[in-house]
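In the two assemblies presented below, chain A is common to both, partnered first by chain B and then by chain C.
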Partner chain A sequence: MNYTLKKPQDDTKKPQTKKRFQDVNVSLIAGIAIIAGLTLLGVVMTFWPLNNPSLSLGGRLEGPSARFWLGTDDIGRDTFTRVAQAALTGVAVSIAAAAGACMVGAVIGAFTGYVSGWPDKVIMRVVDALLAIPSILIVLILRLVLGTGVWQLVLALAFLYSPSVVRVIRSTVLVTRRSDFVALAEIAGVNTPSILLKYLLPNSLPTLLVQGASVGSNAVVLEAVLSYLGQGIQPPQPSAGRMLYEYTKFMQTSPMLLIAPAMVVFLLTVGWNLTADGLQRALLITRSGVKK
Partner chain B sequence: MSVTKQEIASDKVSDAPELVLDIADLSVSYPNGFLAVEDISLQVAAGEIVGVVGESGSGKTTVGLAAAGLLPVGTSVDASRFRVAGTEVSTLKPKGWRALRKTQVGMVFQEPLAALDPTMTIGKQVLEAARQVASTRPEAQKEALELLDLVRLPEPKQRFNMYPHELSGGQRQRVVIAMALAGKPKLLIADEPTTALDVTIQAQILDLLRSMRDTLGLGVLLVSHDISVVSNMAERLVVMLNGRVVQSGTLQQVLYDEPEPYTLALRAAIPNVDAPPRSLFEIPSYEVN
Partner chain C sequence: MKSNQLLEKEDNKEMRKLASGVLAAALLSGALLTGCSSDDPDPAPTSASSDATTDGPQSGGTLIWGSRSEPGNGGLDPFVAEVYRGTAIIALIYDTLVTKDDNGVIQPGIAASYTQVDGKTYQFTIREGVKFGDGSDLTVSDVIWSFEHHREAKGAGDAALAKLESITEVTPGVVEFKFSDDNPAFLNNISRATGDYFIVDQQWYEAASENDRQISVNGSGPFTLEAWEQGVELRLVKNSYYWDTERIHLDGITFKITGDDEGALLALVQQGAVDAAWFWGAEYAQQAEDSGWTRGNAAYTSARSLWIDPTFNNGALSDVRVRQAISLAIDREQVISLGTAGLGGITFVTPPAFTELAAPSATTPNYTRNVEQAKTLLAEAGVSDLEITLTYGTNTTDVSALEVIAQNLADAGITLKLNGVPYAEVQNVFTTGAPFMSELIYVVGTKAADPAAAYTSWLTDGGLVSHWQNNPDAEAAKALLAQINVETDPAVRIDLLNQLNAEVADKVLILTPYATPLAYHLWSSKVHGYQTDPQDGRVHLRDAWIEQ
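Entry: the complex of A and B
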């Protein structure tokens, strides 16, 4: 048999790595784009409004027109500008509530998971109790106690959602604390706060981000519900829930007054959920190697 | 059991090479009631490598964890004498363990990737360990670099800011050893330190451990299922089975002069490249009574 050495191939040219469509994290991009888009719209409409939303510039219940893109409400205010501002409020409240819940929940969750023993038992029973009470009830009580401002609303939402974060973070910490690197840190004499902040929390960050995004989605809906009940954002500041409540009576004559704020709630919820989904795909599944 | 300072001091004078680990009649049972270790005794002197061999479930890892105070909460530890670097530890509280381990005990685990935090650069991890004993931050920084140099991590300065996944297995294990040495310990517990590494890297890491023992005068407790690794390293050998010590003594005694049947069986289970092909030797199951 005749055979020769294979000629060395010119491998200086790197093979083109074409990104396949399924490798693109569509959920994450779409989710962040929706939230960012609504934020941008809200910022523009807050600082450079098409029409001053607090003034009656048009006629009563006008339909969509070149000046009033989504028409006007019962006292002649521009619906589009109001809805855009409501969207910004929704984004801001949900981000602040999610961030607050994550901060409080992560610290408590990491502590209770790592220290265990009786502090863990006490904290987890309190968490169980809080999770057992309907959320709307807790928030209404907190609103009565704290007052009706926007910051109080954020505080109430953050408090409401921190138990779920405690749960999730505790469960990841329970796994991480058994790992060899935590044991090595303990042998080296690293103290408990450092182990919590430098070793356990960074390893829980992916889970925390995913949970935070899903808290954001829940906060959007609950904020709308509260505003609908008159316990959320207070008029004259526009909010989607409040608009849904006020304009119900015009459902037959000017449906746009209801569709627009409903779309805001819908888009924000979808945006947050897609973000949570995309983060989960990017951070959690890849890490454990399940992806693809 | 209470031990006065005088007793500890007198011990140090009487025992010619200082015993860094001194265990007599140690029994460990886990919270679920499983008796993992029963009445075992072993000593490690400074500058000595003692190998603990045995099959899976023989309790060898439990001995290593007990010597580092890392047994799970609720595990009952009972011993007539259990000293780490001269301190009686059988009644030590977690806080006391923490203080003792910081300067007296180092530990190397089996899987170097699991022993390093994936979210932290290796430099920071070594630094974190070094900071516990150094007085100032810059000093710890210097110490961390020196440690990485000591364990012969190539180009430690460049690798200081790398994450564990960017290093090879052998390099990772070197980092773990550097962390173990940060507190200038007297006792190093190496639990299967080479099992996750391939053979050539294995030899390098074992060589490193041996040279650390020589230069730093460490007492090393080498826990392994691999009797060939241990016989290359250890001066003394402890053979364990079902939580008990089958045999202990010098390497020569245990392996060649007067081996127990179980030790012989362990030896026979090592495949030999030069021997004519045969089916692998199966260790008969023994019962301890």
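Entry: the complex of A and C
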């Protein structure tokens, strides 16, 4: 009898391939790629623009051409360069607003979660009140107080989104503060600021990143809304929201003037949301050790 | 031509056949219509569509007018409604004592004739047989009461009657207005089609409740209200008691209200759901015109102005050379061609719709662009890297024009920052005299009843937006305005107004880069006998007719 030895099956290969694919955090990569791509495009078009976006170099409402890739607007400016710069403005404003909201919100959230008592009650009632007021109303009032300008806009957005960060970080700190390492630090006589900075906030960082990405997404939309209402980025600086407002009248004759800035808002929002989802997934993996 | 170009690109034979048929039919129709139009006994005034007439005006039919607005605060009450969207409807329902024709000449209205006895006295002979919409007679006492009530309602804000001493019936049918001082703007003020000096039935008005006056009417004008469904449509029907009823061809006018969305209005135009429409935005007007509609003559009733506060920010604009440099740096032709889709016009402070006044010309000081001269003036003034701010209401559709101006100024080394604020903040400046938020404020002007009124608030000491006290640059202009306010000879007054316009342009006391119509009027090929009027009052709807 002839016996043929079967080649042992490599039954680990396929599942490993599958596993590796599952390991890839597609959302995070796609989100970061979109934001990075738009940022790169905006940076290139800011420092090496195809055409000066502030000058009427072409005719009125020209179609796409070798010189003007997306044509020109109603006063003969290059649409492509302006849209690319608007994308960079959107990225910059959303990152700055998210960073500001996270910094302020994390400090207040960690403090109120750690100290408890009446400061916690007072701060959280204020936070609840701010969260109850429509965001557009708050930010419009802030714009009236602060005036117009990019930094004023960033400040207003950071203030607006801080309460949501406070609430999320506080809930994280409420759990972390019961940990043994915090108790040990307290027994060892570590002061409150050190406990906040060295133990509580670092443990809240993953949550903070997710919340920051979420704030970034909201900030993109709100910046566009404010600019649409004339309260955001001021002309002649390009802004997707303002373009959408000003070019609505060209919907039939030059739809690209509307499609291009709308795509910028869409891509930035999707980019931030995918990033937030990806971070959330990464956070779950880190905490539970289970890949989902 | 457009059809031919399209055919060249089209390979489809069937399409060629179809297009050839249409072309032949169009040529045949054109030949027939051309023949017919020569028989037209009474072509409508300056009509742009009279070429399509058949056997003269046809009576009957309802014209559907697409409009984004309807009467606002005050509704249809002729003494309360002040905003244009209200008075533009009221002007079709109520009559004024006298009217103004398209050349700016005063014409009879309810008054069959008038006499200016002297600068302080005017007499009007009231037309006989005039009736209100309910069939009651319009009497001399209605005329007197209408003006007296107007003065009571408006108080100190009554431009025409502020110095009124008496209104009396001096002889049967003749009303005399006596003023304590010369009142040269009186006829201009009371003749404005979209003003508020209407003749009202005293008995009806006093019997009606405050609410009823706003939703019902009883005027002596060509049309009367049939129904008003707010936010949907407002229907006018022919006033069968109108004193000049044979002039009116339409059975009625229905205003379709679309709200602020002019895109929706354009859709109605393109679907053929309306016969005429007016647009605020030049772009929409142009698109409607591209759909084959006729755009009315440009009645530039709205001067777009940049008001100057020379004392703002340590007086950056107090030096006349700096202001002249700014004016010289502005390329008005470019601002009009890019910022208004080419539909704007060059203007003084008084918009070109004041057809009785001279228009800006090549010799108007500081109006022809000269960047080098602007730079020289700035150097002489010792100013470098000038940065100024222009505040505008964010509801404006004119940001593109402002951006072009910013580009123009940049060529001369002047940085113009644009500062958008809610319109209410801008409005506060000229309604309450609130301080300027920047050196310049952008204001969309509307044509006043009297041209001198365009200057009053900012050139008169104590005026709401006056910032020219103790500034020698404004003295000559102020002296001219003072003369205009007492000059009773119309021809001399017009000459003085022309001088004032030139003086303001020379000293650049205000910047007026361009003017546009307040609204662009457009109509389909079915509408005839209509044309835009310089008051934007749609007064020629009285002459319009529609193909059945």
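Assume the second predicted complex is superposed on the first by the 268 of 292 C-alpha atoms of A that agree within 3 Å, B and C clash if a C-alpha of one lies under 4 Å from a C-alpha of the other, contacts with A are read in each partner's own complex, and residues count from 1 in each chain.
Following the convention adopted for this analysis, contacts are C-beta pairs under 8 Å (C-beta built on N, C-alpha and C of every residue); 3 or more make two chains touch, one makes a residue touch a chain.
Since the model is a prediction, treat every value here as computed from it, not as a measurement.
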Superposed partners chain B and chain C on chain A - clash or fit: fit
Chain B versus chain C as contact partner of A:235, first or second or both or neither: second
Which of chain B and chain C A:76 touches, first, second, both or neither: second
First, second, both or neither for A:122, with chain B first and chain C second: neither
Chain B versus chain C as contact partner of A:251, first or second or both or neither: second
First (chain B), second (chain C), both or neither touched by A:189: first
Lowest inter-chain C-alpha distance for chain C and chain B in the superposed arrangement, angstrom: 48
Chain C contact footprint on chain A (complex, rising order): 54-56, 60, 73-76, 144, 148, 229-231, 234-236, 246, 248-253
Sites on chain A touched by chain B in the complex: 116-117, 179-190, 194, 198-199, 202-203, 205
Chain C to chain A touching residues, read off their complex: 262-263, 266, 281, 283-284, 287, 334, 337-339, 341, 394-395, 397, 399-400, 402-404, 406-407, 410, 417-422
Interface residues, chain B side, partner chain A - complex: 68, 70, 73, 98-99, 101-103, 105-107, 109, 111, 114-120, 125, 128-129, 132-133, 176, 179-180, 182-183
